[in-house]
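Presented below is the structure to which this report refers.
We just call them A, B, C and D in the order they show up, numbering each chain from 1.
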């Protein structure tokens, strides 16, 4: 029977006609520029050091989470437990720091390890146990948040002052948070040149074809979740620096926001196409929308509505260029 | 001792026995054809060799050593590569990225050596480009390439793996004549260097042109291996399907009636430039020319699946505008699309639903209620009249062989009693037996006054079935062949625009 | 390996098993009245997950994350209109359903015609609807359920079964019939299994997509209406609890997230499984952290029992 | 500089209590506006995560507020941004939920004491004897933990009170209803239910649906609950308690902020660390029910009984 054995392979192809929603990456940069423009015009002191710094400080966790989510989505997966991983990392890092600067390296290493291990578990469930990622990670999210609650039954812990002050500092005239975001971008650029990213893209593009080609599919999937978990750990560490404390509920809402950022940034939810650059822009756009609503003086009952409406409108607008490229 | 031996290979997919103790043996330095009807197990046998399919039983020896292939990653060691029937390209990746996927040159940390990759890819591409006389853009995502170019990239990909054993599973299905030649040239070079090439095709001309020996499969078992120098096409067909069932393409078609059922004037659209023609009742109108000259687009526009930018369509004397295939269906049109898995079938759904989906509105009661009994009767009718071989109507369509799947795609329209059937390469990848049945069927339909527009990549099929052939070139009708002009020379000449000012 | 077991049957067996475990842990858990109670609570999830089932069946990465917000909005509308008066129940129901339908239609239109990915579209819609609820109520929802709604949910009828369960049963029968024996159902499976083939067979793909999301909105509002009969008063995060569980119920019931395969009976069983599991966990004397971990692990075990995907090597 | 700009940051809009809190704040601010002490009022009220609330606060700082009233999403996670605010001379008042930051002033009721009042009532009404079940809010949430600390301490002091189990219903009415139904199935002999806030109405509905005699239970001072209470106290002899947890705390917080802006200093003895505990207004019990109900019967169900300190009352805390 022609076409049946790799039949699912064809899904990847026909999707290209029908289901293709991919914001071209440049659209997200344009949107980002627009968001910055609108924000700056509404906000008198937008370009002051404090303001830029404080914005960047809040961007870091979502940016890192969005990059992690991007890698997972590129590989054809999705991680609904990302926020719970972030929480767990937050709690572990703060608990281990015990407020002493000497323990910071240990705590950060442990945080990365925890993030990586959670990612590993998710990856094994998706790749080897072959569960549907969206529900498997929904289930693991309970496990990670349960663990977080177990480790830190109520918010607290203390973070050395030097650590969170350092995060708010300026280094060589550029805010530390900006350095971190630059670091994340560089990390992505390095990863992009690595075989593993190519394999992740191949698996997300067409799993069966990738397998038939000799790509180590399961390993690539696991790698995508482990990398995702590591970036989630970075996000968790960013939150520790931003909040200077631990909280067993801190990460939850980041999960869905990170997915939105990824899509606004031009990565296709079905995997295989896109990149982290757009997601970083997407994360910033989402954060800036909050600012815009703030500085536009929207009445308090309308804030939620306007916020949501802007996001939906941005998605719809961003999607229009892709409508024109419908043919094969 | 042959270079490659496979013996006692068994594979069962759920209830379907794909391979039933098949065996295969071939030497280095030969092109060995693997033949058989649809569903006889050719692709499965190939996939056992490339590790995609895990056999239930069987033994593989290469160079006298028993080998275990636990997955496609293992084939690297034995230098086995394949052009898969369904292609194995990653749509979003570029040609450059696809061709050496999983074989990228990289440093010890795993970072890809881009320069080295590019060099290696261009080297392979160069071997084709000479024979092809043109180059394919390797920096575009392959999904944006034409099906033919995708198939070529798949071939580049297999070649780039520097195989000792190369499998070509219907690797020519989407290729034009010149491209087939180019592929053959490269394959011959490879053979001359001592590689073993396994060639799977339903086109006998190609088999005889390229191969030295052939092994024939039937129902998952090996019927035998023959030297192609000593056999005829008919001998092979007998081996494949048992005695008797030979196609009778060249039987004079019944003449069409006079009434025009479809009139097209100045149709422009995606890849179409002012197409005009008339179609009469009971007529088979062929669409010829090189593949990719707008034939498929014409069918899609006629069917409302793509919008025309200019021009008029009249069905049975009335001007129509189809915004959706549903509109075309209401006017008695049907489309048998070119890629059945992608466009024709819902593989995971039951055969019954696949057969009834296009006509269920005819049988609905009230606000869309369907009677299970009447749906089943309808489906049974189609199965009977087309001689579709199925297990049970409630089994998923994916369990059927290619030929039977194709019959489902045709059968679903018959239930709708169409007046005009648009067929886009309906016998692509279909075996001789099924082809013959389809031809017979087209005849029967036209005798009842149904008209057919047939796009086909096989010239003999086109010539044998059509009353007239419209030869298309760059979206326009370049020539109309009828009567004595309906012969292969004229057809090829018209397609290549020989003897005409360009 | 033999034939794969029917996921609906496995899920059903697991529901029974959970009741047995519950009974062992705390006697009385599997008493008839408690079973009825668990079923009653499942019914709200089940009704909301009915729309989710349709959306997921329709394929194209279909998922509706706005169900929770629409449940709340439907309940808010119904409660304000009805305000405790039996006479206003139908009018309130009609308005709630109309609101749900309209919101769902917006989802559908943007997904079908502007190709916004469903997950993101409905997520955005959730915050828009939440905002609408705030604007509509000025943050203070008013009104309450009518006595007849309360009786429907709570009062026992034949065999001690409350009216809501009969309604749920009727919904199950009706939806199963629609899925199997109508052109709508056939078209739905068709677009879920292969949109392009469906389109080329004359199925109006986009209209189906719009219809499916509209129905999901409608069923969410219906769920909100019944849930109002249970809680009797509304609050602003009434429906939030249903968003991801509605997806989980569909998947636990054996419907594939890829679309085109599955059915509503599975979702019914899936809703029951998730609800019993929650109930069993409440009765366990355990720290909240432990409950969450157990919930996650049991869910994973369940999915591993039958929610596994194809092997790459065939 | 005078006139001042004040802001309120509320990171959760899912409850009516929060709406009432915002309204109280605005009403109090209007008076100051009329007197020319405040020129601009900024309200940030949306469902945001902790990061989002940090962003809200930073935006207010950037917009040049002089004082911020915060209902914090976390006890600890805002500490760093509060420090930023303090460094820029912004006065930060946390209401409803205390924060650990030494740079903020917490203006809150004592949640432990709030819980002790109803726990004590329950234990007394039971005569110090009996089995109770507990339905708490969100595990790990500081207010919840403070409350449970207070209540469990009370129950521990009554040896005859046996806590059968502690469950969590996330301060959600419907979850409270479901949890109560499950508890009823598991424990045949429940004498008392200790439950907080909106979950009480849900638990009560589950109790009613069970058809069993109503046990003693704690409740809340909200009109919806009181309406049920009013119906049941005669027909079923239902007895309960609602301790006011005032949304007006935001207004009290604003008054405190205004005093601070005007340069006045708190008397050190009213502070406990950086926290100013304001008195819990009152509790509704069978004794005063009738009187209160007659005054509030016309309010919407979502209205919480309220209370706040006036400007004069607040001034009493200052030097």
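The working rule: contacts are C-beta pairs under 8 Å (C-beta built on N, C-alpha and C of every residue); 3 or more make two chains touch, one makes a residue touch a chain.
Since this is a predicted model, take the numbers as computed values, not measurements.
Enquirer: I want to compare two interfaces, B-C and A-D. Which one has more contacting C-beta pairs?
Expert: A-D
Enquirer: CA centre of subunit A versus CA centre of subunit B: separation in Å?
Expert: 42
Enquirer: Using CA atom averages as chain centres, what separation in Å is found between subunit A and subunit D?
Expert: Between these chains, centre-to-centre, one finds 35 Å.
Enquirer: So the centre of each chain is just the mean of its C-alpha atoms; given that, what is the distance between subunit C and subunit D in Å?
Expert: 33
Enquirer: Multi-chain contacts only, two chains or more: what residues does subunit B have there?
Expert: As it turns out, subunit B has residues touching two or more other chains at 47, 52-53, 71, 342-343, 347.
Enquirer: At least two partner chains per residue is the criterion; list those residues in subunit A.
Expert: 5, 14, 149, 153, 208, 211, 301, 303-304, 307
Enquirer: Can you pull out the residues of subunit D that are in contact with at least two other chains?
Expert: Where subunit D meets two or more other chains at a single residue, that happens at 13, 22, 47, 139-140.
Enquirer: What are all the chain pairs that meet the touch criterion?
Expert: A-B, A-C, A-D, B-C, C-D
Enquirer: Quick check: in the complex, which residue numbers of subunit A touch subunit C?
Expert: Within the complex, subunit A contacts subunit C at residues 5, 8, 14, 17-21, 80, 125, 129-132, 134-136, 138-143, 145-147, 149-150, 153, 207-208, 211, 217-218, 256, 259-260, 263, 268-270, 301-309, 311-312, 315-316, 319-320, 322-323.
Enquirer: Could you pull out which subunit D residues touch subunit C in their complex?
Expert: Residues in contact with subunit C: 13-16, 18-20, 22, 47, 139-140, 165, 167-168, 172-175, 177-179, 181-183, 185-188, 198, 201-202, 205, 209, 224, 300-303.
Enquirer: Where on subunit B is subunit C touching in the complex?
Expert: 13, 47, 51-54, 71, 303, 305, 324-326, 328-329, 335, 337, 342-349, 353, 356-358, 360-361, 364, 367-372, 412
Enquirer: Residues of subunit D touching subunit A in their complex?
Expert: 13, 22, 42-52, 54-56, 58-59, 61-63, 74-81, 83-84, 88, 100, 138-142, 145
Enquirer: Can you tell me which positions in subunit A touch subunit B when the two form their complex?
Expert: 1-7, 9-10, 12-14, 16, 193-196, 198-199, 201-202, 205-206, 208-216, 272-273, 327-328
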